[in-house]
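Each of the two complexes below includes subunit A, the first together with subunit B, the second together with subunit C.
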Partner chain A sequence: MAEFKKLFALGAEFNSATEIYNAAEKVRDAGYTVWDCHSPFPIHGMDKAMGMKKSWLSAFVFVCGLTGFLTGLGLVTITSFGIYPTIVNGKPNDWEHGLRALQFFFPVMYELTILFSAFGAVFGMIIRNGLPRLHHPLFNWSRFGKVTDDKFFLVIESRDPQFSETKTKALLETLGGAHITPVYDRE
Partner chain B sequence: MATASHNTSEDGVVVLHCPPELAKIPLVNHDRSLGWITENVASICEEKTRRYWWIGFFLFAPIALLVPTLLSYQVANGVGVWGENQPFGWAWDITNFVFWIGIGHAGTLISAILFLTRQKWRTSINRAAEAMTLFAVMCAGLYPGFHVGRFWKAWYLFPIPNWNGIWQNYRSPLLWDVFAVSTYFTVSVLFWYVGLIPDLATLRDRAKSKIKQFAYGVAALGWRGGNRHWQHYEMAYLILAGLSTPLVLSVHSIVSFDFATSVVPGWHTTIFPPYFVAGAIFGGFAMVLTLMLPARLFYPQLDDMITRNHVDKMAKIILLTGTIVGYAYLMELFVALVYSGNFYESNAFYNRATGWYAWHYYAMMFCNVISPQIFWSKKMRHNYIVVFIVCQFVNAGMWYERFVIIGTTLAQDFLPSSWGHYTPSWVEVFTFIGTFGMFITLFLLFMRFLPMITIFEVKAVKPEADPHFHPEGDHGHDSHATAKPKEAAAH
Partner chain C sequence: MSHHIAIPNSEKFDSKKAASLKTIFQLMAVIGLIGAGIVGFASPKLFAFSWLFAFFFGFTICLGCFFWNCLHHATDSEWSVVIRRQMENVSALLKVVAVLFIPIAAILVVKPDLLYSWIKPHLEDSLMQGTKGKYLNISFFWVRAIGIFGLLFLLSTVLRNRSIAQDADGAAKHTFTMRKAAIAGIPVMALSVTFGGIDWLKSLNHHWYSTMWGVYLFAGAAGSSMAVIILVCKWLKSLGYLKPVTEEHFHTMGKFIFAFTVFWGYIGYSQYMLITYANIDEETIYFRLRNTESWTYLSHFLVFGRFFFMFVPLLFQGVKKSSKIIFCASWIILMQCLDLFMIIIPEYAPGGFSFTGLIACGIAWLAVVGILGTFFLRHLSEGYLFPTKDPRLAESLKLTN
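Moving on to the complex of A and B:
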């Protein structure tokens, strides 16, 4: 029922990467903050056109990698020197001498560093992007399905402090967007 | 016009003329539109199953069933049903393990190393190559697990706290292998899945039936292609590529440590890690072409994305890595026979070339070193039949290489009294044939249900994907020239 619908955003459709790139620069300059450009593929330079900072995902991955390395170090040393010391080829098997002969354990630490970093990169990306999300108001917009094909969509959300149904619509019209549509949330 | 020249047109724009051989070859032929790419890749998994797919499936799926059947037989009767015995403890099983794991490496090379080196032609082959990696690693992983003899105790390989309080020996290269291969498989799955997310969203948006919408929708995680998502996505992809590169190099290095850290003549060499890695890439590219050339035949629309140029480049990589492998073979011989001065070492190589398994050695030399040399000729690189045949030689040659390394060394080591000959049993032979069935069946299923080509990446390497792209003939006075000062003002 219409009266229970809440306006989520205003969306406009563009036909090429160049068009949406130029439009994004103008939306950025107009001072909007809660908006996004949806495209079938990542557009080179779009971060700058939207005034976005570098992704901090790399820092998170570094922390995960460090955790992996320390896990590997702990795993090999605690088991080989602490709870189950084994003598292999006369190599040192106690804490005092063993820590000076860690070379043999390197592959395990190396692989765990990579494993933890990879998990960090993938799950960090998914969580940061607010995924998995099986419902999103944008999916109510029938034209939006083309975003994974060959259309480009600029969406300004109603949460944006600058948002006004009339002014934002006018801005999108001047930018050359087609099918400017208000997108509603389900309730 | 064979020479490069330039002249100035009347409005002051410098126009460059380049000779045809230097002209940029487009990555997508016929200047296909973005919609065309979506339609023609996605339709492969949307259309009604073609008859030859079923023929392929019913041909290879029964062969794949050999694997569970014969492995059950092995578990029921003991590892003795394989022909290996002392001193030949590592036989076809470890040969096949190294063979399959090596094949996987080309997929990671294409997806990670070529990504880091900005080789944009990788985009149309990386999905299939990564899938090939996963299936090859699955085939590889079977062997060490069942080789331990008591498969139900294979979990002792992993550091799981157990009632006996026993922990692994972390100084053993075999345990490094466990970590390397399991990490490799996990990271390859993650990398593959991350690459799939935007394409699963494409399939979700095109799906007609409720079941498909739901299945692809769940798998696509609600991907909407927003740039705020792409930003982190691209960073994650770059990091995964950066992680996979040292990973893939480490995996085959560690596999080679299984041999190199032993003291058996013929194995105890420092040349092994680079030699194994080059061989893995060599054999892997041959397998990529083995799968992609028939795929192009069955789906002619792929011709515009996997072009002659792609096949040409892969053939060149095969030539390069084949030559590196050839160099390694000769260097190995030189070190063993001339440089080392070690009697056992030189004897091991003498036996390789003249002993019981000499024909394997010459088959390896012919397949891996001589056959790819035909790729010096451009005409041969452009002849798909020749490329396909050479790839089959390479596939066989890489298997011979692993057998030569493992077999000749174990059969004849120090004391002639403890030498031993080996012949594979029928169980080993049919298990190996079964892994090929399993590999191809999995690949057929992949072709049927997932986009074989990375749709979004192919779109991204099209010229019009660049926001500063001008259609032909529209020089100067573009939007970006006016946008530039604003960009500067914003900072």
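Moving on to the complex of A and C:
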């Protein structure tokens, strides 16, 4: 049995979405960066209350989409125009006459653009969220199970440069959090 | 959440602020009408084609706004409440568009075969002797035109009047009436753009047929009319109105013009590819005309200008949220003009690009846009600038993307 000794975070429990929303704004203003809010349902405007920036996922999807488009373009031009020139709709297809029939290959480029950007969106999201993982230190906190029922949790991790066991605890107390608990992780 | 949103004060348009724009619109209308008159004396045929172009441009813009207005009610949208009045103001111009159809109707009465060769009896034309003649005949043509304008006038007027009536009493019953009218309005819109498109544009060459025609015109109409809404909202904001409209609303509207840019490309490509692959004479005749001579350059430019050129910039949030969207919206409207130009004018000048055709279209466009703009300014000052007592106004203000 592994020992759970390393301090992972300080957690506080809130009773309503309004409470945790107001608390999040204060934690944001206090300058914390590595912290999170957990709630049974999505809370509108929470990203702003937490001071979260725009996700970089869209840029990743754009790059993936561009890669897909260029892959499709390369696939059709190299095979059907370069290696083995084909005649489509009576139009000559080689580099000399120009790519007269490129438009008929457009579905390939289009589908690959979509496929690659969908892959980028799904896998980028999974990577960004650090998934898949089998366990999370917060599960060591018995009260945390109520996050799927009717409680709201604000957790400030010890990785945060501003983190101090006493000061952070005091902050969470002033914000009105109940059951402020240190959560431990494996060494 | 948790922040109370104050209901903003109602805004009333002060027509003095738009005095210069009103003069510009009136000047455009006068110059355009005089110019169109000169064109008409010089070449009635050129006038007929150029007026058809300008009329159909106005028709697609107003019909597109009518579509957005109906979509808002039919889907119980919240986000679009603050900008809905502008959709109503534009779509209520459909009655003016119906009046702008009169010159075409007059031409069809005086010189029937100037625009549409199917009007003349075709004894040697086996197609017209068959089932096609049962649809394409002048009396049924009038019935359809009257039906289209009548239904559109009725529904767009009901939607706007009810919305303005709600400004006074704030009763929810108006919302229910508008919802019913809007749900009826969506099929009416679809049938109008399909039958209008077939009757007025496709029958310029009655041998040609395409099953994508209605949806192709709809894609262009919906995208360019949303672009018009964006320009109207940006202009009103620059005058200090529409304070509750935020960058989030422009972001959403930007998403819609992006969506319809892609949809236009998708439908246009599908039409092209199905026709070229099947390679049937009656179908390919459309592209044979537009992909030969000097028309081919404009056809290619349309593909790049309407789709590719707008695709990449509209991907970015920054473009949709900033004033760069003004350029994108203007460009899309310009490309809608080019699209309609490429549909109509090659039938007038099959030999290649016609400069006189372009000038005549520009003159007719000035007349139509000037007239519609003048009436739009009148609509603006008739009611509030957004539905002040709509039950969903507060939800609309909270919009986040």
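FYI, the second predicted complex is superposed on the first by the 175 of 187 C-alpha atoms of A that agree within 3 Å, B and C clash if a C-alpha of one lies under 4 Å from a C-alpha of the other, contacts with A are read in each partner's own complex, and residues count from 1 in each chain.
We adopt the following convention: a contact is a pair of C-beta atoms (placed from the backbone, for glycine too) under 8 Å apart; a residue touches a chain by one contact, two chains touch by 3 or more.
Quick caveat, the model's predicted, so the values are computed rather than measured.
Trainee: Quick check on the subunit A-based superposition: subunit B and subunit C, clash or fit?
Mentor: clash
Trainee: Thinking of the overlay built on chain A, is A:89 touched by subunit B (first), by subunit C (second), by both, or by neither?
Mentor: Both partners, subunit B and subunit C.
Trainee: If we overlay the two complexes on their shared chain A, which of subunit B and subunit C does A:76 touch? Say first, second, both or neither.
Mentor: After superposition on chain A, A:76 lies in contact with subunit B alone.
Trainee: Would you sort A:100 into first (subunit B), second (subunit C), both or neither based on which partner it touches?
Mentor: In the superposed model, A:100 contacts neither subunit B nor subunit C.
Trainee: Quick check for you: in the superposed arrangement, does A:28 touch first (subunit B), second (subunit C), both or neither?
Mentor: So A:28 only meets subunit B here.
Trainee: Where does A:17 make contact in the superposed view: on subunit B (first), on subunit C (second), on both, or on neither?
Mentor: Touch status of A:17: both partners.
Trainee: If you lay the two complexes on top of each other, which residues of subunit A touch subunit B in one and subunit C in the other?
Mentor: Correct list for subunit A: 17-18, 21-22, 43-45, 48, 58, 89, 104, 107.
Trainee: What residues of subunit A sit close enough to touch subunit C in their complex?
Mentor: 17-18, 21-22, 43-45, 48, 54, 58, 62, 89, 103-104, 106-107
Trainee: Tell me, which parts of subunit C touch subunit A in their complex?
Mentor: 1-3, 269, 272-273, 276-277, 279, 315, 317, 398, 400
Trainee: Applying the document's contact rule, which stretches of subunit B touch subunit A when the two form their complex?
Mentor: On the subunit B side, the touching residues are 33-35, 38, 159, 165-173, 175-176, 179-180, 183, 186-187, 190-191, 193-194, 198, 201-202, 204-206, 217-218, 221-236, 239-240, 243-244, 246-247, 250, 254, 257, 455-457, 459-460, 464-469, 479-480, 483, 486-487, 490.
Trainee: Sort out for me which residues of subunit A touch subunit B in the complex.
Mentor: Of all residues in subunit A, those touching subunit B are 16-18, 20-22, 24-25, 28-29, 36-52, 55, 57-58, 61, 75-76, 79-80, 83-84, 86, 88-89, 91, 104-105, 107-108, 110-112, 114-115, 117-119, 121-122, 124-126, 128-129, 131-136, 138-139, 144-150, 155.
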